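Dropping the structure in here first, questions after.
By letter and in written order, the chains are A, B and C; residue numbering begins at 1 in each of them.
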Amino acid sequence: MPHMLQRAAVVALSLAIGGASLAAPAAGAGGAIKVGVDLELSGPASVWGTPQLRSIQMVADDVNQHGGIDGKKIELVVLDNKSDPTQSLTNAKQLVEQDHVSAVIGGGTSPTTMPLLKYMESAKVPLISDGAANPIVTPVEERHWVFKTPHNDSVIAEAVARFLARKKLQSVGFISVNNAYGDSGLRQFSATAPRYGLKIVDQEKFEATDSDVTAQLTKIRDAKPQALVVWAIPPGTSIVAKDAAQLSLPQTLVFSQGAGGNAFTELAQKAANGVYIVTTKIPVASQLPANDPQKKLLAGYVKEYDSRYHEDPDAIAAFGGDAMRLLATAMKNGGGDDPSKIRDQLEKIHNLVSLSGIYNVTPEDHQGLSINDLVIAQFRDGKWNLVAGK
Amino acid sequence: MATVRNACSAIAVALLIAVPFLHNGYLTGLLVVVAIDALAATGLGLLVGAAGEVSLAQAAFMGIGAYATALLAGHGWNAWLAIIGAGAVVVALAAVVGYPTLRLRGHYLTLATLGLGIIVFVALNEASPLTGGPSGYGDYPSLRIGALRLSGDVPFYVLAWLCVALAVIGGAALRASWRGRALRAISASEVAAASVGVSVRARKLEAFVLSAVAASLAGSIYAFYVGFISPTSFGFEQSVFLLVMVVLGGAETATGPVFGSLLFVIANEVLQALGSHLFPSTAQSAVAALQIVAFGIVLIVVMRLLPRGVAGAWLEKVAR
Amino acid sequence: MEQFLLSGLAIGAIYALVAVGFVVIHNVTGIINFAQGEFAMCGAMTAAALAAAAVPLPLALLAGVALSALVGLVTWYAALRGAANSSLVVQIIITIGASIALRGIALLVFGSSPKSVPAFSQGSALTLGAATLAPQQLWVLGIVIVLMALLWLLFERTRLGGALLAAAMDRQAARLMGIDPLAMGAFSFVLAAALAGIAGVTVAPITLATYNMGLALGLKGFVAAILGGISSVPGAVIGGLLLGIVESVGSGLLPSGSKDAIAFVVLIAVLFARPEGLFGHRAQRV
């Protein structure tokens, strides 16, 4: 048996060499433009990866139904990176070298994006990431080919701090999930808070798999801050909300945009009444004033997502769709299927009304959104309600 | 049997030498990842096959090797010295963990390594000011030979596979030596081995430390190859995968784990490529889930075909 | 401090349920079952799906537990029936393969977003001195107490339970007495999976059900079982409760990110002092 497995391994090696050498042709069948997608479809981050893929798919289908890119259809080549950084890098290589994609959307989070940066720079193919951390697009001199669609965490932190300062709150507690997302939020908020006169009096962490955070919340309660900032993802955000209600925590709770849509509201229910969230406009799309430039697009997006997938889209899924929209725009504006031209066109995207905001990409800013694309919402009676002012 | 095995090895070596000349970045890069895994698996194979102990911390040792190397290099050390320094750290840790645990009968090393793996993961996550925490660490220079910076797939391909070759040759030499015989005796029966004068504890500790060093080297190469490390790459799941590579390929020979790594990684990639090309993009979430189911079932089936373990099946074959 | 203890007790009860399952399987078959957490997950996800489809809650919960038990049985027959004589490595990989396959099936059927299960009863938190306890946590404690009593009755007062104990103590002798070890093996898996299923549906209202919730649960249950002594059912319960309390107090007193490490440091410390766990018998060489 052992030597049979060894024979199998040799066969596998030969197959791999053969298969890799017979790479797919550069252009897709019928002249399609190939876009590679490298996302977390399984593993701990799949709660975001799958919705992001849906959003990308929706936008791609929409583009194809309206004539494609100068008649050519967009073809998605999708690989699961299993929430693993190494797999993400291997996927990127497969997409670029075997499938000859014109651009790659991925990873869905920061840890799966960072390993790709050096490679995409040397391969000279544009990468649009759905990760939230600042280092993805900075320092700009080393990120010619890398873009990202979510707000930088520094901007979200700024919006949170600004909101708290406006409410005349000065002492805050901070609780975050113990992964890259929470860590990035912690760093950015710690840096931003002093500039708005805020003092972090207690800072706690919890694991993504924890079922109970009463211990951490008790410590926060004892430190007596006026507000509590929560930087986490589902299901942790719901658990924080529920436990906070259970302990009758007097603090105002402010969540970062990772809090989640249905997952958060369903579990937290009454416990979440009164909490605030800093988010893009998607959770409150129906409440936007008529003159909001995003209103029409978002209304259509929410309706389509709902009818296709039977649940409301959340802010995180939209980053995928935005990445696809940025690419489609760059391709239509002269990028075609040429990676280098697409990259150049991406940097010229101006006032693109999209799902998470209005994108203005420049050579210095490969993210493109501003703090004005964020809103504050408050949870009441089963849904998020837009709060006027910021 | 030996001739078949040698033929397989010869073909594999020939193919591996040919790969860089194909100028296929994806394939070369993939085989770098295989080599890194194979290096760690070879070390683990020594522990499992020769000494009969199961470690669930091999990926944790890789992580310590990777982080120690990156941190030392990031703070000014020469990259090669950093690799050696990291190895020293791992030797010390393996000795400290192995010394009290290996004296106990039963599967306490396995449990202790399970705990060690988790503790290392938490430590890497928590030491955020130093290690970057969950967000990872990338602020270290590249590996250099003189003034030449090692980057791209081919240099690391050569480096990694050279290390694998060294590890395999070293492992084979060890197994053939008196140490190897002592380990096999221990693996069969500790009591019997001790009664004929074998230093059970010393031999097991040696095997454990050596396997950890192989993991550390693998981690160091990984750190320079990818240029960015985060704790998620070195957790419990990865340790389990390394164990699977060892058992898949055969733990009682020095080359077995290398074949196991080849099979494991390549099968995974082939499955991914097939799934992505045979099904439309709308079905890819389901495809990803199916691949996971398939992987689990394959593990069960392959292990069931060898119900008495690899060593048992081999012994059966040889006995006939 | 009371809050830490109380919350720790509640989560510890969940760990205890999973741990007891571990011990039952290990005693009767000698297998260390890394798929234990996935048994809990199957129950939780099924109950969540049924509850979302407007099935009355008690029915949804029962169906979840029943499905867990079924999954346990199938896992035994499909994967582990002949594996009791395999080496530890092979066993570990087989049960991990089972856990991976189950996770994949759950991902396929239920998707990756968390699902909710309604709490068993509505109501506000109970205040005991300086600490509070959510109604669902009270349910957890209550259910575990009742289950422990039922298990005791099963083992001490019924023929089936007696046969199970006999098979656990000495497989050969039990066989000589007409007790079929394979049937006992199947039953141990069904029992362990049912217990895990109860743990899953009871904790899901607190944590939401996700397809990979079994990983953490299984690991914690495993640690609890080792802590209590892998051969002792009451030990597993104590181990679970102790683990929950240590974790909770630990995150209360130490930097909260290191909670997972605390549990393992405690485990290793206990193992060095007493390798067979707190209540285990002297470990046999497997």
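One rule holds in what follows: a contact is a pair of C-beta atoms (placed from the backbone, for glycine too) under 8 Å apart; a residue touches a chain by one contact, two chains touch by 3 or more.
This is a predicted model, so every value here is computed, not measured.
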Chain B to chain C, fewest steps along touching chains: 1
Chain pair with the higher count of C-beta pairs in contact (A-B, A-C): A-B
Distance from the mean Cα position of chain B to that of chain A, given in whole angstrom: 33
Distance between the centres, which are taken as Cα means, of chain C and chain A, whole angstrom: 35
Of all residues in chain A, the ones touching two or more other chains: 41-42, 50, 178
Multi-chain contact residues (two or more partners), chain C: 104, 107, 111-112, 255, 257, 260
Residues of chain B touching at least two other chains: 125, 285, 288-289, 291-292, 306
In the complex, chain B residues that touch chain C: 48, 54, 100, 104-108, 110-112, 114-116, 118-119, 121-123, 125-126, 236, 240, 243-244, 247, 251, 285-286, 288-300, 303-304, 306-309, 311-312
Residues of chain A defined as touching chain B within the complex: 1-3, 5-10, 12-17, 19-21, 23-24, 37, 41-42, 50, 53, 57, 60, 75-80, 82-86, 89-91, 93-94, 96-98, 110-111, 114-115, 117-118, 122-123, 133, 135, 178-180, 182-184, 187
Of chain C, residues touching chain A in the complex: 3-4, 7-8, 10-11, 14, 104, 107, 111-114, 116, 125, 132, 134, 203, 206-208, 210, 212-213, 215-216, 248-249, 251-252, 255-257, 259-260
Chain C residues within the chain B interface of the complex: 78-79, 82-83, 85-90, 92-94, 96-105, 107-108, 111-112, 219, 226, 255, 257-258, 260-261, 264-265, 267-268, 271-272, 275, 283, 285-286
Complex interface listing, chain A residues touching chain C: 41-44, 46-47, 49-51, 178, 204-207, 209-212, 214-216, 218-219, 234-235, 238-239, 242, 245-248, 262-263, 266-267, 311
